[in-house]
Amino acid sequence: MEKYLNILNIAIYGSAVLLMLIGLYGALTKKSLIKIVLGLSILDSGVHLLMIAIGYLKDGTAPIFSPGNEDKMNIMVDPIPQALVLTAIVIGFGVTAVALSLVIRLYRHHNTLRIDEIKKLKW
Amino acid sequence: MKKVIVLISLGILGFYLIDIFLGIGFGVPHFTNGVKDLYLSNSKDTLKVSNVVTAIVVNFRGFDTLGEVTVLFLASTALGGILYKKRHHVGERSVLFPASQVVMSGAKLLFPSIVLLGAYVFIHGHLSPGGGFQGGTIIATGFLLMLLTYRNYSVSHNRLVYFESLAGILFVSIGLVGYFSKGSFLENVLPVGNMNELFSGGVIGIIYIAVGFKVAAELTGIIYTVLHEKD
Amino acid sequence: MVGSPVLFVAIPLLAAFIIPLAGMMWKNSVRVIPGLVLAFMFFLSISLMGYVNEHGTIVEVLAGWKPPIGINLVFSPFTGFLTTLMTFLGFIVWLYSYKFKRNVDFEPSMKYFMLLMLLVTGSVGIVLTGDIFNMFVFIEIVSISGYGLTSFYTRRDSAEAAFKFLFMGAIASTFLLIAIMIIYSQLGTLNIADIADKMPMMNHKLKVLSLVFFILAIGVEAEIFPLNGWAPDVYTEAPGPIGAAFAGIVVKAAIYASVRLVYTMYDFSGAFDLFIIIGLITFIMAETTALRQDQLKRMLAYSSIGQMGLVMIAFGIGTKEGVYAALFLMFNHAIIKSLLFFSGSYLVFNKKNKYIKHVNGMGKYLPITSVLFTIGAFAIIGLPPFAGFWSKLAILTAAADNKMVVLIAVILIISILEAVYYLRVVNRIYFYDKKEKTEPKKPSINALVAMISLGIIVLVIGFYPDLISGILDRAAADLMDKGNYIKDVLTLNK
Amino acid sequence: MNYIIYFSLTVMILALILAAIRFYKGPSAGDRTLALDTMTTIGVSGIVLLSYMYNRYIYLDVALVYGVLGFIGVIVIARYLEKAL
Amino acid sequence: MSILEILGGISLVIGSIFLFLGSLGIYRMPDVFNRLQAGTKASTLGAMATILGVGLLAPGWILKIIIIILFIGYSNPISSHALARAMHKRKAFMYFKGEEIDAYKEIEEKDNTEK
Amino acid sequence: MKSDYFKKLSFGTKMSRFFMNWIFLMMVWLGFTNSFAPQELLVGVFLTALISFLGIRLFTCCDLSLLHPVRLFNILKFIVVFLIALIKSNLDVARRVLSPSLPINPGIVKFKTKLTKNFAKMVLANSITLTPGTLTIDIVDDTFYIHWIDTLTTNPEEAFKEIAEQFEEILLKIF
Amino acid sequence: MDIIILILIVFFAGAILTAFSGKISTLVQDILFLVTLIVPAILFFTGVEMNTETVISFNKTPLTLGMTPLSYYFALIVMGLAVLAGAYTIGQMNGKKRKGYFYLNYILSIGAMFGILMSKDLVSFFIFWEIMTWASYLIVIYNGKNVQKIGIKYFVMSAIGAYAMLMAIVITHSLTGSFLISDLISGFGSWNHGMQILIPVLLLVGFGVKAAIMPLHIWAPDAYSNSPMSYTAIFSGALSKMGVYGMVIVFLTLLTKVPEGALIRDIVAWLAAITAAISTLYAIKQDDAKRLLAYSSIGQLGYIVIGVAIGTPMSMLAGLFLAFMHGVFKSTLFMVVGAIEKQTGTTDFREITGLIRKMPWTFLAALISIIALAGIPPLGGFVGKWMLYESLIQSDHFMLVTLVFFSSTAAFLYCYKILFGFFLGQEEKEWSHVKEAPAIMVVPMLILSIISVVLGTFPQLIMKPINAAMTFYGMPDTYGILWKESMLFNKWGNDIALTPIMYGIMAVFIVVAIFLFVKNRTRTRYVTTKDISSSGEIPKEHENLTFSRGFFQPFLRAVEPVMRKQIDKYMLSFAQGVEDLFEFTRRIYNGNGQSYAIYAMIFLIILLVLGKNLFG
């Protein structure tokens, strides 16, 4: 039960999860292609935040050795999630770029961004 | 109806996610004998790289980065394919009308500095929070600024291809050099130097430069393609 | 050793970066180089298979860091089998599409072959990698290549299909990341062998939930029900050979991923039951839906999904015989479904909506293509002595050995449906009169060679299944031996 | 000295809040962009201050890059708003 | 406490106050142009002063600090101007105390007739 | 509307611009690295030379003549004038923002400038933006359009005197 | 090389060569076709030895081939018929399109039947079974008419049968660890009880489809009548016997070891009897000779299956004997109809009439076969039916006897219809040009007719192999006990002087036949609209007035209520319902990406919630 009472816990993970849910909600219910892509981006951001949060260490510093902190290895935050999130962000960017280009093409052909009007492939 | 279903589902999902992550906990060490410590110590002692994230991204998990570069390359290729039209017309334009004189002149002066900043960021990738992706992105935003400001500023497509290809070839070649000389793909073949100096970390710097160029060229290509997507 | 597993990734990527340059000098190189690379990968795979048969699993260390620090590639009888299959199909797809009309133009051609090559590379990467996050990266490589290839034709609907694919793919990759992070947060490692080794230490609840997220994420690419809505659209709208590439390469890689999860990483057997349940539902839903399709590629797509359901069932049986059957099914499906997509594309080539009725009377106009399609149809139905029969017999035998009588009955009943819709098409090819006036498109010589070689494989394997049963046996044994995998990777003397 | 830094930080946060209110209220896209731009500027200052506080020189790079990206972002939005895209 | 530190502290305080004033202007002014007026000037100076303050406190960083200051001083007016022009082209609401004084209208009308 | 990009440049101009650019970028590099370490300088020299060389056609405002002592003096003078104006303007802003009644009388005025170089116009525009109560809306050829928070006059000449004269004088000497 | 494999190779290689030799010349193709059928027959009769085994070694599933007395007996039927019908086929296919296709599948199906008979393990049995099914399927849809309906119906029923069999096969493998039939038989006794019921039932379903036992028969009428007649001869004469062959094994081996065996026997026997009765009624109703013969075949198979199912020595004897006889005379009849179709272009009784003088040899063959079919002494049918009645009475199946007797009697009606419909009655100008069929078609018919006569007279010729087959599977040696020379021993131990009775009846029959023949030959009678020769029906103006119009209307009206309940209509509407259901599942894929994502969410939540239970 105490895990629910830790404010910082709630704040960080809560906002990350909330971000994910907002993104998912947008992606799942909005009718505009742009909004759907935005929803996916928000979803992505939420996950990235989550990843970073997992690697965080209380009172930790960035995992960069600079003159003066070379012996502070034990208080450095976990670098792996950061490296992973870097990769994830770039990949997310690539996907978003492709998504937007698809949106452009759909718009070019259908003259609308509403998915309920783009239904060549429905039944 | 649909919204209700979505809301209920997301509610349950949210509950599970919160439950999972609160269980995992924030800001506390989660595991005892993970690879994290190995990464930190090896980065400091073996590679002499001060930015551990960079050491991970470029060396320990450099293969991921190769994939990541490929993803970006693929995205720009796919995007080019998706928005492909027959050869662009002469006199095409990136924007409908130029920006004001102030912005144009401002951008003109700023542009080389932005490129320099990008280069700085990826050259110092192993020393600072920067890296190839960040630097490449900065350079690409410089091009974005130019493309947005000038009506008919054109980036030489061939030059982009050269940069992109050569950078990619460089990356893989460094990997292959490692494979053929040391027996392991992407293994460091250069002296690692001293901590916190520019020339340290062996091939990491070179790889990050390649990545920087590649990312810059790719993102610029993407921006270019998208901006010219007008009838 | 004649080569190294890392070349499966390094060489295609090197080529991908060289191609744009080479294309400026010699236009055709953008078509030729990918073919050479795919052929190289296939031969590399074969030669490594030979090595592995003699000396055992190859574990390739990357960047000089031993697992679990560095990423590693594992070329074992199991992964090697899949790699060989994928690279072969990749080459065949290349061969088949070499002379496509749009591929004669420089730019589209470059993009098409580049994406195809990287699609294969990504799939091979998924299979070979020993690192869970690296697998994510390769999955994304495959996905993005897939998006690009799906929307390759600038028909308006292809973008719609690709967008759906991307939509599902993006959501899936999100959950994949979550799953990976849950694992990482508990075990502090990303190496599959290391994870497998430490898995007993993990909190049971998190174990279950992370597996659930994994299943959702990988299930999208593996086209399990109900995550496969995008697939038929994509198969319909993508260029014909890409349908084959999806069915034969991408889905295989995704299935591999899920199998690796359940067989190696996680340590509870309940997941096997889940495999059977999901596989069965997928199988039933897809085959019944296929029965009611009026577009050829869509029908093939659902059939393909159904077959994958069958593969999942076979993996879910959980015995070595089950794995053997699953691998056999995968092999057959890859070859046969490609043959069907290839020949089917020509049967409905010039038609806009690719309705099944467009194949009417094609037997007269495209005799060889029609025969090849028929061979494929017979084989996939499981008519002896075509290749499909042996795999069907294998899965049924495996199920019977585990007293799954109801499962056998369901599989057989649904198989009847499958046969019915294939027969309807074959009947149309030979016994209906062609109505449209448009001339059917004759396959070019390279496409014909590709199709015929697939047809020959179907026949040869059908008449002499022993040709691959040894390989399949070893692969199945390899997958079943989890301890050996962990040992191979973690106690590396390199 | 610490008090001065804390004072500055507090004031900056107040400034951020005011800008955020403007961002929320709008009413036009221009207002929001302006608010965002101001928040970027405050953010750059804040990061510089924080890097002094934690004595980590490397954070200055973050501030600089942040400023550059913010600027280009505003130009992009401005160009979009004047329908040049 | 050295003289640099004292100067730095003063600079910091002044800077942050101006940052606040800039935001207050943005908050209070009636239309987008007047908000830009307030925002540009006060927040630019505020940022420059704050950063300079840090530079004075940590003299070893001064070169980079200068670059950041110069960048802010250079880019902020440009972005404000770009935004102002865009908003005028969009015919954003413009507050006048008395009658309308808008010399720029002629240019826009000309643009429109050209189109 | 053609940009400088298409103008033919003589070799001398090119070299002059190149070196100016190089010096400028080298200074920026010093700022970025904040270090005089030999490795950093070595890399910086090569890198800035490369960028200057690649950007020889476009990304240059001025050539080496900018470094003429008179001009340097004027630049310094300009900076001082400008800083004074900046501080004045900020006090002005503070006054308006803080007074409860919001004492403003906004409007857009125009005036003509004698400056010919685009870069000079840009500097003038920026200076105007940062000085009391004015904001450059646009420059069309040689006409400046200024948003004035407290419109004192609509007459172009008077407005010019009020807003831009002190800067323009110095700028004419610099460029 | 083993001779069985050699025969198979000749079949399969010959099939492919024949198919493609059409490019060279039709004559070469015809010769090749016949050679491919004759050579294996010669090899078989001269070379194949009993109880040898050959293993084709696939290391996963070794295929074992060899011959048993039972398979020898059935192979006699298949090989003999294949050659005769093959020769006939050449005549019939003359000038038809898709000859290569037809020949290919003809030979393939014969080869597959031979393979089935020679299979000693279940996998090769199944493989050959499937090849046979597919080859015959391809022939059923040969003419391109009603392909989707008839073809798919045949296929679905075949697949149900085949897959039931396959299920039995894999379960067998899981229980015995081997696919060998001998292992199945020897291990069967020790299985658990459920499997002991399930396996025979599944196998019987599989065989029942081919033997066209109700309710698995619905494919048969359409498939028989839709195939070219030369193949229908095979269909009815040989292919359906594969089902009988399988049933014999099941009844002789497996069901003897299960307590419920008796029940299953009775159920199958009853189903077969009902099949016989109802299809006889249907046969009577048909106006098309092909369909009539198709229903007749189904009915006859019913008798055979009853004999096999009851499983007493005598009933088995009767069943196996009838299987042979049915192969002979029913094939002949199909050939007759085929010849008529070839010469006139139709097989409708209502259109053709009075061919007796145009096609006398064909008439002769038809006459003999019909006598055999109807069970009129002295031909083979009589002997078989006599034994069947005898065995049923001996085993106290009195209800069955009644039913069989009823359908036997009713069968006279349609026999009459064939003779009268085609050959007797007035000659019409329309058919005046009709000539006798070519020799290559007539000769096989006559040979078969001779066999009919010979076997009717000397049934002991095949009683010996039948006895060998039965004793091989553990039946008591009955040769010389039940049957000696041409004597049949009845329940009471007295021998019945069958032969004299037979000859006596035959004499009467021949007199009648000659009388009819002569009468029709000398006096062609022209009927008016008031003529009541149409069995009491008053013909309408526009109908053409032959004997055969409205045959047996009163009788049909009487049995109408029984026939109205058509089982295949139920089956079809069931199939329609299934397809409608799938239409519903299809609509789950509604084409909306967001819906798919919502499915994914729901799926995720189900897994999340159930996860703990699912993974234990």
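Things to note:
Note that the chains take the letters A, B, C, D, E, F and G in the order they are written out, and that residue 1 is the start of every chain.
Following the convention adopted for this analysis, a residue touches a chain if its C-beta (ideal position, glycine included) is under 8 Å from a C-beta of that chain, and two chains touch if they have at least 3 such contacts.
In this text the structure is predicted, and so the values were computed from the model without any measurement.
Here the chain-to-chain distance from chain D to chain E, counted in touching steps, is 1. Common neighbours of chain E and chain G under the contact rule above are B. Set side by side, B-D and B-C show the greater C-beta contact count at B-C. Chain centroids computed from C-alpha atoms place C closest to the centre of all protein C-alpha atoms shown. Centroid distances built from C-alpha atoms place G farthest away from chain B.
If you average the Cα atoms of chain B and of chain E, the two centres end up 31 Å apart. In terms of their C-alpha centroids, the spacing between chain A and chain C amounts to 29 Å. Chain A and chain F, compared by their mean Cα positions, are separated by 40 Å. Averaged C-alpha coordinates put the centre of chain A at 21 Å from the centre of chain D. Residues of chain E in contact with two or more other chains: 22, 24, 36, 44, 60-61, 64, 67, 74-76, 78, 80-82, 85. Chain D has residues 57-58, 60, 64, 68, 75, 78-79, 83 in contact with two or more other chains. Residues of chain F in contact with at least two other chains: 28, 32-34, 122, 125-126, 136, 138.
Within the complex formed with chain E, the chain F residues making contact are 28, 30-35, 86-87, 89-90, 92-94, 96-98, 102, 104-110, 122, 125-127, 129-130, 132-138, 140, 145, 147, 149, 151, 154. Those residues of chain G whose C-beta lies close enough to touch chain B in the complex are 594, 598, 601-602, 604-605, 608-609.
The residues of chain A lying in touch with chain G in their complex are 24, 27-29, 36, 115, 119, 121-123. Remark: chain C residues 4, 6, 9-10, 13-14, 16-21, 24, 60-65, 68-71, 107-108, 111-112, 114-115, 118, 125, 131, 133-134, 137-138, 140-141, 144-145, 147-148, 151-152, 154, 159, 162, 178, 182, 184-191, 194, 203, 205-206, 209, 494 touch chain B in the complex. In the complex of the two chains, the chain B residues touching chain C come out as 16-17, 20, 23-24, 30-36, 38-39, 42, 59-64, 66-68, 70-71, 73-75, 77-82, 84, 158, 161-162, 164-169, 171-173, 175-176, 178-179, 182-188.
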